[in-house]
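In the two complexes that follow, chain A is the common piece, with chain B as its partner first and chain C second.
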Partner chain A sequence: MDVREAEKIAGLARLSLDAAERSRFAGQLTAILGYFEKLREVPTEGVAPASHPADMRSPLRADDPAPFATPLELVARSHRPEGELYRVPRVLE
Partner chain B sequence: MELEPTIGLEVHCQLATRSKLFCRCPADFGGLPNSRTCPVCTAQPGTLPVLNQRALELALAAGHALRCTIRETIKFDRKNYFYPDLPKGYQISQFDQPLCEWGELEFEAEKGRSKVAKIRRIHLEEDAGKALHPDGLACSLVDLNRAGVPLIEIVGMPDLASPSEASAYLQALRRTLRFAGVSECDMEKGSLRCDANVSVRPKGQPELGTKVEVKNINSFRNVERALMFEIARQSEVVARGEKVVQETRSFRDSEGTTVSMRRKEDAHDYRYFPDPDLPLFDVGRARIDAARAALPEGFAARRRRYQGDWGLSEYDARVLTEEPAIAGFFDATVAAGLAPKAAANWIQGEVLAFLGETRGEFEQLRIAPAALHALVRMEEQGELSHQAAKKVLRRMLETGDSAAAAAQALDLVQIRDSGALAGTIDAVLAAEAKIVGDYKGGKETALNALLGRAMKATKGKGDPNLIKQLLLEKLGKPGG
Partner chain C sequence: MLPADLTRSATALAAAVRARRVTARTAADHYLGRIAAHDDAVRAFLHVDPAVVRAQADALDARIARGDTAGALLGVPVAIKDNLCTTGQPTTCASKILADYRPPYDAHVVERIRAEGGVILGKTNLDEFAMGASTENSGVAASRNPHDLKRVPGGSSGGSAAAVAAGLAPLALGSDTGGSVRQPAALCGIVGHRPTYGALSRHGLIAFASSLDQVGPMALNLEDCTLLMAVIAGHDSRDSTSRPGGFDAAAARRDDALSGLRIGVPAEYHSDALDPEVRAAVRQLEDLAVGAGARLVPLSMPLTPYAIPTYYLVVTSEASSNLARFDGIRYGPRDEQQELAASYATTRRRFGDEVKRRIMLGTYALSAGYYDAYYKKALQVRARIGEEFARAFARCDVLLGPTTPTPAFPLGEKSDDPVQMYLCDVFTAPAPLAGLPALSMPCGKSKAGLPIGAQLQGPTGADARLFAVARALERRLALDLSPLEAPRGA
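For the complex of A and B:
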């Protein structure tokens, strides 16, 4: 992975990296991806792809509403709330 | 060069659950901002999502209603993007193993011509919250009440050839989902949302043109408007010898135009990966089959039944399958014992007219199917004239009274007692000696005039058949 790719990924993750960090992470990510390349050598014909490390199944729950007792406390704990609303830097589509 | 458009719709609809997809917050509309949130749907650290079983069942119902192939084991993935209405920084959605694939929807492309459009996939996902941008404020504000509300996204193949086809497809899709009980599909409330992929290509060219995604089509009326504008815009671009740019555009209702959303190109790089918080789900054959068995009869099947089995006209069958509530009421009225044709006439006539005038919803109707049947029986048994029955039904719709109570209150019960009518008839015959003379002189139609006088004397409440019979008994044959 080159520095330009590292920069793009950092941008998608909203991380601001300086030049030294970009080249350091590019090197580290290259090593990690290299390890996956090596894993790819393992013959996996006939093996179903695994999406989770544990072979377990998720439970379901009944459609039974139970309002959370103090939702506005969550708002109050946020950074500079505006009444019952969360405040964020201005965004417009 | 003649160009032809190709359209595919991506439709989001809110599943009719009581709670959210992965937490137990209520999923209904309204409420104070953020009053329907909890640590899960506001993405507090350490919380875990648990899937709502009903949401899965409703998504299965949608899959069956649209004749999809359904996957027995499903996976949820994280769709990563940053926007303040998405507290986790990702949306839980389904990427490569959606619940349903390869379905189809039959719809009436134009009067008398039906068409089948293919459904590419249906997947489950959670809704985002709402970001507000008040004027004069340097910040934006966020309400997370809708964050985590269960949705299905129904991705159609680009099988639609015109804006009117797209509109007809969306109407049929909405009706299918409403009859399946999957969703209210109310575009005004946002429980049905529609994005369109549109391209144009020279007629006969096999490969599709460059696709533009049109978002924010906020009403049924605007589906055709937005598409007509976008097709004209792309056609002009091509006519100028330029290339259509692949992009996302937003529909502007006030101007009827679409404008580029100018998002960064990499905004679509969602970096999907399996959600580690949600191991695989076994949907299971049994659950899939149970959802199929529980699927209510669709509107197309009902139309066939109404026309084929019950002999209703195509028009009647259409009106009665406009809404699931109307069809349900009609079926229940027939089940209560009323003949289908009579039930159809009363529902389409007085009942729908009443709802039209009062802008009422069928769901809020104050009469029960059995009450409508009771009213019609009163007419059949001669207790009410047809005109009186209409007035009585009107009162029943307004007040929720039973047929007997409404007829009583309006004093419209027909006089069917020959003793009570005899006096009135004698008085009429005495007063209308000239007409009686005409009748006796052989003028047969004079009987109708006497009948009219007698009806008037009873204020319309006399049973016309009985009065006629009594008149004949008293006068004998004309000319006789």
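For the complex of A and C:
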């Protein structure tokens, strides 16, 4: 991963890196990705990907609505609450 | 001060409070006093509010005075890792992005502790967002190993492990994504359990990698760990991965667990990279088990060395998604800019280096053009690792090996080399990938006096079996499992 790629990935992840961080992370991530290459040694053709533990099955229950007890308390703990809303900077130019 | 016998056993402490031999307030004051005396050196805690602790204890004593002595943890203080939500105390994940955040609710496991008469003692240090194996990635300060203050306590639940080992708390909760309960338990000489995926609710555990995260109990000995596990395990509808059924504490206390037990010993757990003193301690445990009627089953699990790259691809991918919520809008401070996107990016500068690295790795592994080569490949190897465990458990009841390749390492030794730090998880990363329970127990000390941990792993749902086996081994080992009188190596 070079510095330009590090900058692109940081942008996708909504991270803002300074020049020193870009250079440091590019080097470290290159080393880590190089280590990950080890996985190529494992044959996996036709193996179904496991995004969860092998025998994980989501337990089912009746679809009864159960509202969160204290939603306003959650909002009140934000940086700029306004009643039941969050005040945010403008989204569009 | 508490009598020494009560500082060695949370179970005895709860019984003594129930019998009115000591008050909950006496117990709380004992541990607050220990923290005041020793935590400047150990740095296990991020937040302790003595007034909040004493108020909980006094309320319990008032209830006891009325004749109500219900509660398995009556009057027992419990330290809580700071990625579990608590009312009345901050919850920060040791991250500047959640500085001073105070959740409006308790995590399910914290609710359970309070309901059983436990006292929430304080919030313990961790690697930021539980990303690390030493607590050196904490956004506040590194915790120290109380057995040698120049060494790491392990991580990410290093604060919880150090607190219990140093006698600053009789019990603690940690969380284990790839070893974060077991590895610090091993390095600090205590017991730590990673439950079967779904055995307890993660409601109120701040998510890091959702297909792997589990809350786990940490204690000085198996009996105390059983006590805490029995309180926190069980179904909760607020976590969609929570399984029905609870923890069979009676089975965990069975005393004939070694008789006829088939113990799998994979050759890969004893590679040349294993520290000789760790190897010797684990071999001694095998001999003890055989002496008590168990049988060793030699195995090969050749995918073991591939668990770390698999784990780190899964964990960073999931983390890049989970940590997207920390943008200054709903939680924590915001570094406000005129425009929303700039506000996100500026606020997220508060993340530490390891969190940024992992978010970037995960974003990269999930990005167009790399998804198949990295993320999908890792999920396929994950499936094969699950199959390898299934084949092993067709031939044995538990797997026994070291928890960590070495005893505690010096502070700073690995902090500039992420790959070296990741290799600490070589024995602990496989079980979470398959959702399996795993427990670390003390099995000896190095010549330098550093604790060594052994790991037992079992098939899905075999948590109580692991406790019973570990308990039988603990009794035969007859180690001194008392907390340290004072931290060492200042």
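By definition in this document, the second predicted complex is superposed on the first by the 85 of 93 C-alpha atoms of A that agree within 3 Å, B and C clash if a C-alpha of one lies under 4 Å from a C-alpha of the other, contacts with A are read in each partner's own complex, and residues count from 1 in each chain.
One rule holds for everything that comes next: a residue touches a chain if its C-beta (ideal position, glycine included) is under 8 Å from a C-beta of that chain, and two chains touch if they have at least 3 such contacts.
Note that the coordinates shown come from a computational prediction; the quantities given were computed from them, not determined experimentally.
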| item | value |
| --- | --- |
| First (chain B), second (chain C), both or neither touched by A:L74 | both |
| Touched partner set for A:V88, first chain B, second chain C, both or neither | both |
| Contacts of A:P65 with chain B and chain C, given as first, second, both or neither | first |
| Partner chain in contact with A:L12 - chain B first, chain C second, else both or neither | both |
| More chain A residues in contact - chain B or chain C | C |
| Partner chain(s) touched by A:A20 [first = chain B, second = chain C, both, neither] | neither |
| Chain B versus chain C as contact partner of A:V47, first or second or both or neither | second |
| Common interface positions of chain A, toward chain B and toward chain C | 12, 14, 51-52, 54, 56, 58-59, 61, 66, 74-75, 86, 88-91, 93 |
| Complex interface listing, chain A residues touching chain C | 1, 6, 9-10, 12-17, 21, 24-25, 28-29, 31-33, 35-36, 38-42, 44, 47-56, 58-59, 61, 66, 69-70, 73-75, 77-80, 86, 88-91, 93 |
| Contact set on chain C toward chain A in their complex | 101-105, 197-198, 211, 235, 237, 240-244, 303, 305-306, 309-310, 312-313, 320, 324, 327-334, 336-346, 348-349, 351, 353, 356-357, 359-361, 363-364, 367, 374, 376-384, 386-387, 389-390, 418-419, 422, 433-436, 460 |
| Footprint of chain A on chain B - complex, ascending | 17-19, 24-27, 32-39, 42, 44, 50-56, 75, 80, 82-84, 131-133, 137-144, 250, 261, 266, 269, 271, 274, 276, 278-282 |
| Chain B partner contacts - residues on chain A that touch it in the complex | 8, 11-12, 14, 51-52, 54, 56-68, 71-72, 74-75, 82-93 |
